[in-house]
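Got a structure here, written out as structure tokens. Questions coming.
Labels run A, B, C and D following the written order; every chain starts at residue 1.
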Amino acid sequence: MPATDIAIVGYAQTPSLRDANPSEVQLLVPTVAAAIEMAGIGRREIGFTCAGSCDYLTGGPFAFVSNLEAAGAWPPISESHVEADGAWAMYEAWMRLQEGDIDTALAFGSGKSSPSNPSEVWAQQLDPYYLAPLAPDPISLAGIQARALLDSGKATERDFAQVVANSRHNAASNPNAQLKDAGASVDALLAEPYLRNPLRKHDCPPISDGAVAVVMARGDRARSLCERPAWIRGFDHRVEAHQPGVRDIRSSSSTALAARKAGYDGGPLDVVELSSTFSPQELILLESLGLAPDGPTKVNPSGGALAGNPIMAVGLVRIVEAAARIIDGSANRALAHATSGPLLQQNLVCLLEGE
Amino acid sequence: MTDTAKEDLVMEHLVTLTYHERLTDNLNRFADGLLEERIIGAKCPSCGRVFVPSKGYCSLCVVPTTEADEIEVPDTGIVTGFTIVTPVAYYGQTKTEPFVYASVRLDGADSTIGGQDVTGVPQSELRAGMRVKAKWKPREERSVDGMTNRGWSGVDGVVESFEVTGEPDAPLDEYKDHLF
Amino acid sequence: MEFAGEIGQVGGSFAPETGVCSHSSVSEPRITTTKLEFPYSRTLGPVVGAFLAGLREGKLLGIRGKDGRVLAPPLEYDPETGESLGTDMVAIGPEGTVVAWTWVDAPSPKHPLDHPFSFALVKPDGADTAMVGAVDAGSAEAMSSGMRVRPRFAKEPHNVITDLEAWEPVA
Amino acid sequence: MSNEKCAIVGVGQTHFKKRRDDVSIAGLLREAIDRALEDAELTIRDIDAVVIGKAPDAFEGIVMPEIFLADAVGATNKPLLRVHTAGSVGGSTCIVGAHHVITGIHDTVLAVSWEKQSEGNAQWGLAGGRSGGIGAGGAFAPWMRAYIQESGAPDYIGWMVAVKDRRNAAKNPYAHLKMPDITLEKVKESPMLWDPIRFQESCPSSDGACAVVLTNEAGARRSSKPAAWFHALSVKSELSTFPGRNPVKPQAGVECAHDVYRQAGITTPLSEIDMAELYVPFSWYEPMWLEGHDIAGPGEGWKLVDTGATDLGGSFPVNPSGGVLSTNAIGASGMVRFAEAALQVRGLAGEHQVDGCRTALAQAYGGAANYFAMGLLRSDPPA
């Protein structure tokens, strides 16, 4: 069984930006520094570092190599990199911390979507034989998923719009959010035209640039660095089959499984932060976690991924948003979620608690 | 199409992805300088090392550098290392003849500029330590269009090559820690 | 506010579609352009190869999964258990049923059709799973879940999935 | 909390070739995976988590391809993690897999690394899709020249490494280039690609995959075959370029090796380690890593080559498998080093078995020689 005395003791994120002027590594340099500063440790004290990014998002092979410069890799450091959202980088660093020979670790994630056409980049993530040549963009696939959800009778277009309105309202008080509107109304949203019937533009995420970093520590080290650390009580990720036609895209079995494996028992949560990049996915994820959209749990108080979607950082941002609420005392138990692949194919759950 | 079994088992897919990114502020100023025959670097406020071009931060101290830290360096320097590359053919490759790929440490800089052509000496006589000076392209031919935030194509749209000056070679100490 | 939904929108309002800005002013940031282009050549193996070969002859093939389901498109390994499925190909279709769909008003140059169309999950007759494809239905009003469609094969096949050019509504 | 012991109990490799035109990417991976599972006497259902490594996605033109491969590699409903640390990725992937076991988070983990370079072009990929690419050989050539200059090594040392590795590969059923009849003359007469590297001193471009099954003590007991036990594993990275960097003997490589020796309680690697699988894509990297990991003293690495110590029958065999010089599917190459080291300490390396091998070193490096992944495997479990 993994140890449960590892905690987030420092974090930082850039605002989610439509087109950031700094390069990806320039976004990371101050972000990593700020997370380390919040943890109150020296850079050289960090026992292990793991980064998450995507070459193809940045625009070329080995793009991740320059991100190493933000980690302060001289003298040499113990370091690894995942071609995935920073949430998976955090998972690897959390795993490495379990071994007891080190007591702090750093993880970060970064990506700039603005230089590319994300619709074209992410079509290249699909099965190269049966799907990629058709170039089904993420919005089209999400449109199919939304239709399947509507046909199942589990949701209506009004429910989608309500998710968006909630996101805009919540984002209004989040300085890092990109899309915010305290006055967003469901009726006004429903009056908008379709982009991919039954999805409207606002049901889709913005194009975003951003970076995020966390510092974790173990046991008493965590207590000494942070008054109220965000303890990681469970951490798991699971993947489903790839082809959208061979799995039930109206539900997220891998989210439910990851939550169970992370030790989530269905008990009360103060906050849940979900990487639902399309509004119907928020409903799918809530159902898979056994949560109601209007229940006692605050859903995406940051505004979630609909309010800012820096791909490769957005999942770790969810964990940071949940951890921030534990650390500031406004929540005691929170669940954060990250996703990868088309239509929620792969999902990660991190369960956080105060002490 | 010939109906051989093997051809049935191959699929061709031309993948094209295009990226447009604003040049970062530090590189934008570097590009401005190049068009005026000036080479701009940044001096780290913490360790004093000079990086050409500026990265916008010092990778050793991990502190940001700003416009205030930027300084001009001369267009003369030392070849610190090189390869004579026999080009291999691949999609988009236009090189067909062996070419020089050299690193140059400009005087006053601590970093090197990679991938430079060195002229004024036969390829077989090129050696590390040779002193060189930038041979600027005519003003009307200069372009910084190929520059990117990922470090490709630093000065080659503006500097034709680095020409050996014929001065005595620099002592090993001035380039041995700057191999690439 | 700008959204991912802007098809063909590249790099935001500052980015020209072609070429690179060559500004002389020190205040105007330059736009860099990087093109990653390569003609990849994919070897297909026995199952994907058989499926694409079938398309050239106007035939649709599925494969039998470990649980007896007929999978379309045919996969080499069972999507649930990971076991090898061999080459137990099964003729399916040609007609099928739309399981779920969306409507693309403004196709991108990379999409399979150059006029408005539907991306849909289509379950070929005789198959137990659905495959992603384009439905050439004219307008969104002509689309519905459960509608019947038939395949239209490319006149000049290129050994690629778009040899199944589109599905068409069955009148 | 105490850590679990971790062993490699299954090893599988594809046959490596210039172009594996008989398989899809999934088929390529499964060839290695199925061999590893068979070796481990397990099925894909026994695997708790999958770790995948490969070098840049642009080599095959698929963004994060493990996503489309998830079910084909048997990861459905399991954790799937993708590692990318440039050329060292195969080693890093094996190490990340091992951490899953050591921490007790999972019992039995599959780690697989691959590259299908013939789908694209590695030279194009290394050049970032631009003209004027210099390839890895062009990048490393100045450092090899610097090594030769500093060490005073004669030029035939590089040829000797090439001859040894190609002849070793002839004894390895999975190797790409098998040249039992290669001679120093043939290497010497092959065209110069990047001075000092000649064609026959350079690695090929291969399609292939490598997989290992990692498990804990209880898992190892279930197997009827011997296990290869991890006694040390380490990853170290440094900046790829900065003033004052020594790219000939990178500090990250020195520290990675010393971390491994310390964990395994080794003080004199040359006498305490029976063999090594080192990432040698260009001939001169064999003496360079012998010195770069303090196996040999400064200027002494090439002498080990010269005296035949690194031959299959020598006192410190290096790359009995034929090494990267004979087989290079980039993403897989680092893991092949770990897999081959495991075969050696298990006594299962067949024709290229080092007699009596009980302690083996595996090493992978990548990027501008700024990423290192190393491990030490023994026939016996740690105390």
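Points to keep in mind about this one:
The rule is simple: a contact is a pair of C-beta atoms (placed from the backbone, for glycine too) under 8 Å apart; a residue touches a chain by one contact, two chains touch by 3 or more.
All values reported here derive from a predicted model rather than from experimental measurement.
The chain pair with more C-beta contacts between its two chains, of B-C and A-C, is A-C.
Chain centres here are C-alpha means, and the one lying farthest from chain D is C.
Taking each chain's centre as the average of its CA atoms, chain B and chain C sit 41 Å apart.
Taking the mean of the C-alpha atoms as each chain's centre, chain A and chain C sit 27 Å apart. Chain geometry summary: the mean Cα position of chain A and that of chain B are 37 Å apart. Mean C-alpha positions place chain A and chain D at a centre distance of 33 Å.
The residues of chain C that reach two or more other chains are 10-11, 14, 29, 34-38, 40-46, 48, 52, 75, 79-80, 160, listed in rising order. The set of chain D residues touching two or more other chains comprises 21-22, 24-25, 58, 60-61, 71, 75-76, 121, 124, 128-129, 239, 242, 368. Each of residues 19, 21, 56, 59-60, 69, 74, 114-117, 120-121, 124, 128-129, 131-133, 241-242, 246 in chain A touches at least two other chains. If touching chains are joined by edges, the resulting network of the protein chains shown connects every chain directly with every other.
Those residues of chain A lying in contact with chain C across their complex are 18-19, 21, 56, 59-60, 114-120, 123, 128-131, 133-148, 151, 179, 194-199, 201-202, 204-207, 241-247, 249, 309. Contact residues on chain B toward chain C in their complex (touch as defined above): 1, 7-23, 25, 28-29, 31-32, 35, 91-92, 143-145, 147-150, 152.
Contacts from chain B toward chain A in the complex involve residues 11, 13, 15, 17-22, 24-25, 55-57, 59-60, 62, 64, 148-151. Listing the residues of chain A that touch chain D in their complex gives 1-3, 54-56, 60-62, 64-65, 68-69, 73-84, 88, 91-92, 95-96, 98-100, 121-122, 124-129, 131-132, 236-242, 246, 253-254, 257, 340-342, 345-346.
Across the complex, chain C meets chain D through its residues 34-38, 40-48, 75-84.
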